[in-house]
C-alpha cells in the first residue's frame, strides 16, 4: 500500500520533486484554460480538499461518517452569515471564523457520535447532519430573503488596496490554501499520530491494550478533519456565491465519501484522484448526455468496485508500477 | 508516490482539451447562442423535455435564424438542484458565452443564479413566475408574471363567488409563500377573511394530519409545489372526505395530459387558476396545437405554451435589434415586445415582467377526455405591488 | 377525542409504511452486515412495476404488490449474487456499489417509465372512506395498517421461529462456527437479501397510496429508512416496527400541533433517542 511507502531521508529530496512538479503544473495550467475551465479546476481543488479531510477520519481512522457535510456547510454558512448580517467580506475575518465554527461543530458531533462505533457511527453522524440541515431550513435567521439558504456572496476581499480577485486569481488563492492544507495533512498522517490512527483502524483493541487513549485519538482526528472540511466550505461558499441547507445535509455528505472510496481510501492522494474523476465525469457526462448522466456516474461506481476495488488511484498506480518495471523507468 | 502524481497529471492532461472549448470561439462565432437550464433528471424530470419542446418549436418556426444570424440552442440539465443550476449557468456564460438563458424553473435556483447573471449581464427568462425581488436585477424576463401576480386571480375569483372566509394551504418555502400571498392579498383586498393558514414542508407526503385539522371555511386556496405533491394532496383530500371546495393554482390546467388523465372522475368540477388550456378557441392556438402534436407526437400543455411564448418574445426582441444579442440592445427591445401567443396577447412591463391573460378554469369531461374549460378571464393581471 | 384518534390512525398508517420500508434494510444490515444504500431504489422499482400491473394493466392490487415485490426482489438478488457477494465485511465498497445503484436504478426508471409522477393508487374496494367517530377516514389507510401488521407478524415469525431465522442469527454471531456446522450460509444470505428486497418492492406498492410513485423515491425512501433504523435499532423486526410507528405518530402529531416545525420534530426525536440510547430503542448494546 502507498501508506506504508515511507522513504528514508536520503530519498526525501527525490520524493518532494514530483510534488513540486505537480504544484507547478497546477500553478500554470489556468493560463491555458478558459474561464470555465478555471472555475472547474477551482471546484475540483475545493472538493479534493474536502475529500482529503474526510479521508483522515474515514481512510485513516476507519470511521465511516455520513455527516461530514455539516463541517463543510458550517464553514460556508459562517462566510454567508457574516456577509448577510454584518456585511463582512474580509477573508482574514471570515476564514478563521468559518474554520472555528466548523471545528466547533465537529467537536460537538464527536462527543455524541464517538460513543458508538461501526455502522452506528454512520447512523449517528447522518442524524446530526440532518439535524443541522433541518435547522437551516426552519430558522429564518439562517436564510436570506426569498429563498432557503443565503445568496449574495461575492469573491472574498483580501484587504489589499487596489486589488480585487477575479476567477483566475481566486483559483490561485484556492490553490495556495489547497497546497498549505496538503502539507499540513501530509505531516499529520505521517506523524506518530497518523500512524496511531491507522493502528486503531486495523486493530482497535490492541491499540487500547498498548495504552493508547483510542477515544481521544479518534476525537482529535474528527475535529482536525472537521477543521479542514471547514476550510473547503469557506472556499466553496466564495466559489458558489451562495449556501443552502443542502450543503449541510446528506446530499453533500455523500460526495467526499464517494470521492474518497473511489480514489483510494487511506492513501494520501487517492481522494484527490477520486475528486478529479467524480467532478470531471459528472460535469462532462451531464453536458454531453443531459438525461443519462446518472447512469454513467452510477456505472462508474460499480465498475470501480468490480475492477479497481482499492480505488482508481491505487489501480492506476499499480498499472504504472507494472509498466515502469517492464521498461525499467523507475529505480527499484 | 511520485508516480502517483505523474499519473494524476497525465489524467489531467487527457481531459484538458475539453476545457479549451471556450477559447477562440468568441469572435469567430456568428451564431446566437441561447442557453436553457432544464430539469431533465431528478424529481421533476418530466418537466424539462416539455419546456424544451416549446423552445424547439419556436426556433424551428424561424428555421433557427433571426436577423440573418443562425441560432444555436444549448440545453443543460439542472437536476432540480440549485447548485447544479448555478454550475450550468456558469458553464453557459463562461464556456459557451451565451447572452440569453431560458430557465431555470425553480425559485430557489433563480435566487441562486440571479446575482451572478446580473453581474454578467445575461438576459434570463423564468419558465414559470419569479419572485418580485428578481426585478431589481433588471435582467430578468419574468414570465408569465410574479408569484403574487399569478395567484391574485384565485383570491379575486373566490370573492366573486361570494366566499367570505378562506383557509390558505401551501408549501412552506419561499415560492409557496409568494403564491399564497397572492391569493391572500387579493382575497383580503375584496373584503374576504383568512381564517386559517396551513403550511406543510417541502416534500411532504402525508397530508392527513393537515386535512384533519382544518377549521370551517367557505373555500380552501391552496398551492402544492409540484404535480406529484398535487396528486398526493388531491387524492388525500378526497380520501378524507373534505367538503370545503378547493380553489387551486398553477397545477390545474398546466398539468401535462399524462397527469390530468390520472386524476379520475371525482375531480370533475375542480376549479383553479391556469394560464393555458389546450382547447382554447383561438385560431393561433389551434394551429399551434396541431403543429406541436404533429412534431412531438403528443398534445401540448401549459408548460410547452410557456416556453414557446418566452422563446417567441425573445425572438421578437432579437428581430427588433436586427439580430444583435448584446444585452444593452436586447433588453430595451424586449420591453417593447407585443405579440400574440397561443396563450393570449403578451406585453412586457417596464420591470421586465410579462403581462398576459390569466384564467380561471374548471375540469370537465367530453367522452373520455378530460379538459379544462375557461370560465373567467383576467386580462393582463399585474402584481398589485408593481402597480403602485 | 376524535381528533386524537384520527391523528393516531394517521400516524400509525404512515408508521406502517415506514416500518415496511425500513424492516428489510435493517435485517440485511444486522444479519449480513451489508449497508444497502440501494434499498430505497428497490422500493422505487417495486412501486413502478406495481403501478404497471395494478393500474396500467388493470390487474388487482394484490397482483401488483406481488409483481412489485418480485421485481425488486429479483433486482436485489441479481445485485447480491453478481456483486455484493464478493464484498462481505467490506463496508466501504458496499457503500460505493449500492450508492451507484441508486443512480443507475433511478435513471433506468426514468428511462422506462418517463419522468412524470404517478397518482397514488389502491384497490377499487379500498377507495372511499369509513366513518370513524363522526369523521370520514380513508379505507386505504386502515388497509395499510392491516397489511403492515400481517407482514410484521410474518417477518417476526421468520426471524424468531424458523430454522432460517436461527441460521441467520447464528451467522451474525459467529460466521465460522456456523459454516463449520455444515450450514450453507451463502444460500441463507441470498435468501435473506431476496426477502429484504421483496419487502422493499412490496412496500413500494402498498406505500404508493401515501408516497406516490416517482423517480426520486430512491433517495427519499433511503433517508426515511435510515431514520427509522436509528430510532428502532439495527437488526430486528421489532425495532423497525417500533421505530416506524414512533416516527409516524410523532410526525403526525407534530404536523397537527406545530405545522411549521414538521421536519424538525422528526429529527429532534432522532437526536433524543441517540443521546439516550445511541444504538436505538431495541438495538443490541455495544
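For clarity, chains are labelled A, B and C in written order, and residue numbers in each chain start from 1.
One rule holds in what follows: a contact is a pair of C-beta atoms (placed from the backbone, for glycine too) under 8 Å apart; a residue touches a chain by one contact, two chains touch by 3 or more.
Because the structure is predicted, anything quoted here is derived from the model rather than measured.
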Original post:
Among all the other chains, which ones are in touch with both subunit A and subunit C?
Top reply: B
Subject >> Of A-B and B-C, pair with higher C-beta contact tally >> reply: A-B
Subject >> Mean-CA-position distance for subunit C and subunit A (Å) >> reply: 32
Subject >> Chain centre separation (subunit A, subunit B; CA means) in Å >> reply: 36
Original post:
What residues in subunit C touch two or more of the other chains?
Top reply: 107, 110, 260, 263
Original post:
What are the residue numbers in subunit A that touch two or more other chains?
Top reply: 137, 291, 294
Original post:
So which bits of subunit B are touching at least two other chains?
Top reply: 41, 45, 201
Subject >> subunit A residues within the subunit C interface of the complex >> reply: 58, 64, 112, 115-120, 122-124, 126-128, 130-131, 134-135, 137-138, 250, 254, 257-258, 261-262, 265, 291-292, 294-295, 297-302, 304-306, 309
**OP:** Could you pull out which subunit B residues touch subunit C in their complex?
**Re:** 41-49, 172, 198-201, 203-206, 208-210, 212-213, 226-228, 231-232, 235-236, 239-241, 256, 258-259, 262-264
**OP:** Show which residues of subunit A lie in contact with subunit B when the two form their complex.
**Re:** 2, 5, 14-15, 17-19, 21-22, 25, 29, 32-37, 39-41, 43, 137, 144-149, 151-152, 167, 240-242, 244, 246-247, 267-269, 272-273, 276-277, 280, 283-284, 286-287, 290-291, 293-294, 313, 316-317, 320-321, 324, 330
**OP:** Report the residues of subunit C in contact with subunit B in the complex, numbered from low to high.
**Re:** 3, 6-7, 10-11, 13-14, 107, 110, 114-120, 127-129, 135-138, 140-141, 210-212, 214-216, 220, 251-253, 255-256, 259-260, 262-263
Original post:
Can you name the residues of subunit B that touch subunit A in the complex?
Top reply: 1-9, 11-12, 15-16, 18-23, 38, 40-41, 45, 75-77, 79, 81-84, 86-87, 90-91, 94-95, 107-108, 111-112, 114-116, 131, 133, 173-174, 201
